[in-house]
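For reference, chains read A, B, C and D in written order, and residue numbers begin at 1 within each chain.
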Amino acid sequence: MVRYFITFLLSVFISLNLNAQSRREIQIPDIPGYLTLKCDFHMHTVFSDGAVWPTVRVNEAWEQGLDAIAITDHIEYRPHSQDIKSDHNRSYEIAKPLADQKGIILIRGTEITRKMPPGHLNAIFITNANLLERDDWFEACREAKDQGGFIFWNHPGWKRQQPEKTLWWSQHTRLLDAGILGGIEAFNHHDYYPEALKWAFEKNLTLIASSDIHSPIDDSYDAADSHRPVTLVFATERKAESIKYALENRRTAIYFKDKLAGDQKFLAPIFSASVKILTDYVRLENNMVKFIQVHNNSDIDFILKGKNSGLGFTCAKEVVLKAHRTTMIEVEGNSEEIKNQPVLKLEYEVTNLIVAPGESLQIVLEAYNF
Amino acid sequence: MVRYFITFLLSVFISLNLNAQSRREIQIPDIPGYLTLKCDFHMHTVFSDGAVWPTVRVNEAWEQGLDAIAITDHIEYRPHSQDIKSDHNRSYEIAKPLADQKGIILIRGTEITRKMPPGHLNAIFITNANLLERDDWFEACREAKDQGGFIFWNHPGWKRQQPEKTLWWSQHTRLLDAGILGGIEAFNHHDYYPEALKWAFEKNLTLIASSDIHSPIDDSYDAADSHRPVTLVFATERKAESIKYALENRRTAIYFKDKLAGDQKFLAPIFSASVKILTDYVRLENNMVKFIQVHNNSDIDFILKGKNSGLGFTCAKEVVLKAHRTTMIEVEGNSEEIKNQPVLKLEYEVTNLIVAPGESLQIVLEAYNF
Amino acid sequence: MVRYFITFLLSVFISLNLNAQSRREIQIPDIPGYLTLKCDFHMHTVFSDGAVWPTVRVNEAWEQGLDAIAITDHIEYRPHSQDIKSDHNRSYEIAKPLADQKGIILIRGTEITRKMPPGHLNAIFITNANLLERDDWFEACREAKDQGGFIFWNHPGWKRQQPEKTLWWSQHTRLLDAGILGGIEAFNHHDYYPEALKWAFEKNLTLIASSDIHSPIDDSYDAADSHRPVTLVFATERKAESIKYALENRRTAIYFKDKLAGDQKFLAPIFSASVKILTDYVRLENNMVKFIQVHNNSDIDFILKGKNSGLGFTCAKEVVLKAHRTTMIEVEGNSEEIKNQPVLKLEYEVTNLIVAPGESLQIVLEAYNF
Amino acid sequence: MVRYFITFLLSVFISLNLNAQSRREIQIPDIPGYLTLKCDFHMHTVFSDGAVWPTVRVNEAWEQGLDAIAITDHIEYRPHSQDIKSDHNRSYEIAKPLADQKGIILIRGTEITRKMPPGHLNAIFITNANLLERDDWFEACREAKDQGGFIFWNHPGWKRQQPEKTLWWSQHTRLLDAGILGGIEAFNHHDYYPEALKWAFEKNLTLIASSDIHSPIDDSYDAADSHRPVTLVFATERKAESIKYALENRRTAIYFKDKLAGDQKFLAPIFSASVKILTDYVRLENNMVKFIQVHNNSDIDFILKGKNSGLGFTCAKEVVLKAHRTTMIEVEGNSEEIKNQPVLKLEYEVTNLIVAPGESLQIVLEAYNF
């Protein structure tokens, strides 16, 4: 009878909880050929040193518009072990039914947690986390790879492990040469590591941005002002296998604070799919000021810095295309040449879209003149 | 030399101002066959008893996502006349160049301002407001109509003019019979008049909702919590003539507070175009709970009240499809009949979409089951 | 060496976390003779059916401006017991060091979780929760009382246990007669129980409002729009003993949604301490309109409904004294009697301050006239 | 009869408008010996090149918590003169009755508007603006001074007048030597002029920060994110004369964006009156981490940068004392010397409180240790 009573209670709590929630999609558009999936592959629960039950990670992911997550509890660091007696697969197993119900892709993962070098490494798409509990860190990584896992280096510039300088160690070269190391976090929690961005481009590593969240997510990213870090995965389908294939083929970009970083072949189409010129014809003449209206349907403010103005006109040097807003760009005719311009080409760099270390995306906004 | 100096200053102030602004589109979708234009046909400036220069009304309209406005300064009530010596067309003339620059459709209008009956009437799409300054109110209305104007009755339930009860007077019948009265405000500033909604349906009048704003618009509608009242005009083109034609043919709905009111033939397609079922297959079985995910891409929270559940299942009785969010609707299999349902049909009324006095829009959400 | 490494990590995580937080005090003023302590005596962790580690409850309490909390995990309902093997005192023990560090008063508590009758009961200020694990619910309650505990009835109107009507059962009379039942929740999570308010006044029970939170707190109370339910405890010192003494002597009021409920002897001084008349002299004359400025320094919007105006003047019938804002109240002289009024007395009821079932606080705002 | 009708209408509009408003006080505390009055002495209306009726400036001032304003329409620049035929005193006269009703101190002012040098100068506390319409700019300034006016130099670094460099001209020296120039704007609208701050200290000029607002105020300062620039006037009474005396005696500081600038003798007591240490006793020992709780009751986030830690302990190097929040400051015992410290002295500079060019306020937070 007590058993019956308990089941009864449980179902009530769950349904009440679900009805109250709503999900805010992350508005970064798909690009030609690919879906733009929003993913976070690094987070913790009470099963290592986190402060929440695994289902909380699924609820947070759903509410915050993610497509896929990996719970990656530490293998070697379990400070709650006096109270929690379970193996390394348990947080995944607890979260899986809720993830299925909500349509969140849950990827099995764990964090191999060592001193530097090699520091902390995440292994995702593994099949059994328990087998990664090894004395030798390299053996743990090899086991993850043997299970079909994708392995990336976490927070390479973490001050606690690399207090002076963010270094690449011979151990990372060893992992790379063995075909084990596939990716690197260039952003973790609140911190950006420019060295990691550089290595990702130089060494062909997949770019990753993670929350590495331990507490409830709202503690770290105030809903009104900020968003959690996200790895954008360019996949052909909204499925786990498709995400894995994209990671193995370096088809990601990262979204952190007000910035995107990634290959130009991904960032250029994201910008194009986000921005639309609303003004049909500018009809600019010499000594005349006109405005071109541009709408941005993404969540990202695009910060534009003018390069060259076209023949016969100048345009505003600094423009912010605010998220989900229409912005006016001022153009002014400055010679009679303007009469011969059927199309105005406004050249800008988008300073918060990073396509290589120290390099921003170059774009051209085109508006019909006559 | 002083002349030069002044022009210089002027251009600086204008361009600085424009660059700082951004426009928030009102997200209510177009419907099959029509654009859904957002309009406010009732507002004031310093040229009658308002507190702002006419250009402010254009800036506000642009920032708040309107397509068209009419400035409707009072003919008979000009409390600033000691300082402002201008005719009744002046506010339009001052606002027009900025409206053209920003792409706001500015419609010439005025307010015929009399005691009740007939109270206050707006005349828009007129050609010369000065000719409406007449002793006889009916002559003023006829002149407006002769100019090709569209005339509607303002705030019919205004407490100051109809303190006890919102009455329809013989004078309104006279205007209606003469083919002069075309529309009626069912919402003005912060107030809703259910009688006006009833008359609009009974007497074939066009529904109008207006801000009737006198002060700066942000004073009355806090940007974070609320929006100005808007007349939705279903037009074939984003042009003044197209708006006029739609008004004359009763193709409007009104958007005020958290509500839409209008004919079902407009509100049903707005709901359909706003809402998308995201769950591909529910796969519901008897004694099982599942969730259907529904996305609402409009600015309006849709408040759903369950009617009948379908054969073999029950669904949540109260659901709010929040604006720009994804919501889960709970369904539960309650008989073996559920196995024979290839499509689940969830019947709801949308209590904040009013299609007739006391009547809400009925909708059916359909989700594939197997 | 591994041990050293682990400690190292732990201290890092804790200090980073603390530095990022800030606390928002709940602005409800102290009253003459008492501090107004903000308390929540009902919440859960992973040690029963909650979703967070006990330290999360302390962090939430600190950030949200609470003085004291009780973690009250269920005795009889522990759905995570497959993974969590600990006794009933464990959540308190884990949370206590952090509570001490942050200055949160942590009160030991538990929830006796039974079918109706008697339903769920909280026991706080107990010394050993393990001893409450009894077959007989009355024995469990008596044990709690014997430990010096304060016992209150949780969510008496919970639909799952009282689906038709909120009833008082003989079992509750038994607890009351035995001197065991001390208080009752009139508000739980999002629900208000008017019957419980009535019983509190009739049967001399202490009023309690609780979050009964299971998930992270931000899931249930959106920081921008709402606050968690709070029991206001009127205590002579900010200490556990002082809170216990206040509870035993019915010195509480409850703060939920936009409302306060409690005895007039507490609510009247809260209103007085929150509100200040800023206008020195009104200098109102007959046929003149003037404004009295009133500042409200509390978190609560006070909703005022006019009763009688004084001799010689009328005043606004509906006034909202917004939280942390100054509001103008309009007064108008309506007879020559106004000349003989040295003080204007504005009589209102504060409709959201409930001093008995169906009864609001009556207040008089006094402003010097001459 | 028409006359009666009009008055009727007018009173309705005014009272409706006032009832809806509320005022948000600017929370910067008074200091010993002085009230801290919040003032803006530079703004425009339709009577020069502004876009609002003068009463709007009073409503804005009241809602935004100001004590005093000056409307300073241009003498030489009146682009609306085709429509508005009034003298230079008119905007003051229109605004005065509403200012009296709302308790806003309205100071008569105007802007002498010339090419650089000397550029634009505000004259406030004058008695008749019409007499300042002179061919010779120096004569206009002398007339203002002869009327008892206080004169300050507006936006000295305005790019349109000083495109290359912010220069001090011989004309300004002439005004200074003649005892006419009393103050200088170091902040105007959105721009800060560090040169002006330097000159204010070097040449004994009163610091001024102004909105110089032309459009409705909400257009330029988003209520959610920002505040208008304010001159803080340290006055003995909330009266016009007292403000004038304070300006003449350099008793001001300026509040712009997230910063205060002014003499240390004003900023130090503002900080002290805003901040309160809540932790009674720290009880820190060697190798122990503790937290000191500090509450900030002002609107300003104080950004603290650690200088030296005291004997026997270290403290957090970077602390933000958030506005209206309690913050924890971490301290750690690092030697046995800590046992001999009855008081912990935490030395910081407050980087956003500027007491001289390039120099921040130094403060010491003291907490009892045992």
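Keep in mind that, in the parts below, a residue touches a chain if its C-beta (ideal position, glycine included) is under 8 Å from a C-beta of that chain, and two chains touch if they have at least 3 such contacts.
Nothing here was measured: the structure is a model prediction, and the numbers come from that model.
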**OP:** Between subunit C and subunit D, tell me the centre distance in angstrom, where each centre is the average of that chain's C-alpha atoms.
**Re:** 39
Original post:
Which residues of subunit C are in contact with two or more other chains?
Top reply: 21
**OP:** Work through the pairs of chains, note which ones touch, and then classify the graph as line, ring, star, complete or other.
**Re:** ring
Subject >> Interchain contacts (touch definition) - all pairs >> reply: A-B, A-C, B-D, C-D
**OP:** Within their complex, state which residues of subunit B touch subunit A.
**Re:** 11, 15, 18-19, 21-25, 101-103, 278-279, 289-291, 293, 295, 316, 322, 324-328, 330
Subject >> Touch list for subunit D against partner subunit B, complex >> reply: 2, 5-6, 8-10, 12-13, 17, 20-21, 46-47, 49-53, 55-56, 59, 76-77, 79-80, 83-86, 90, 94, 115, 160, 214-216, 218-220, 223-224
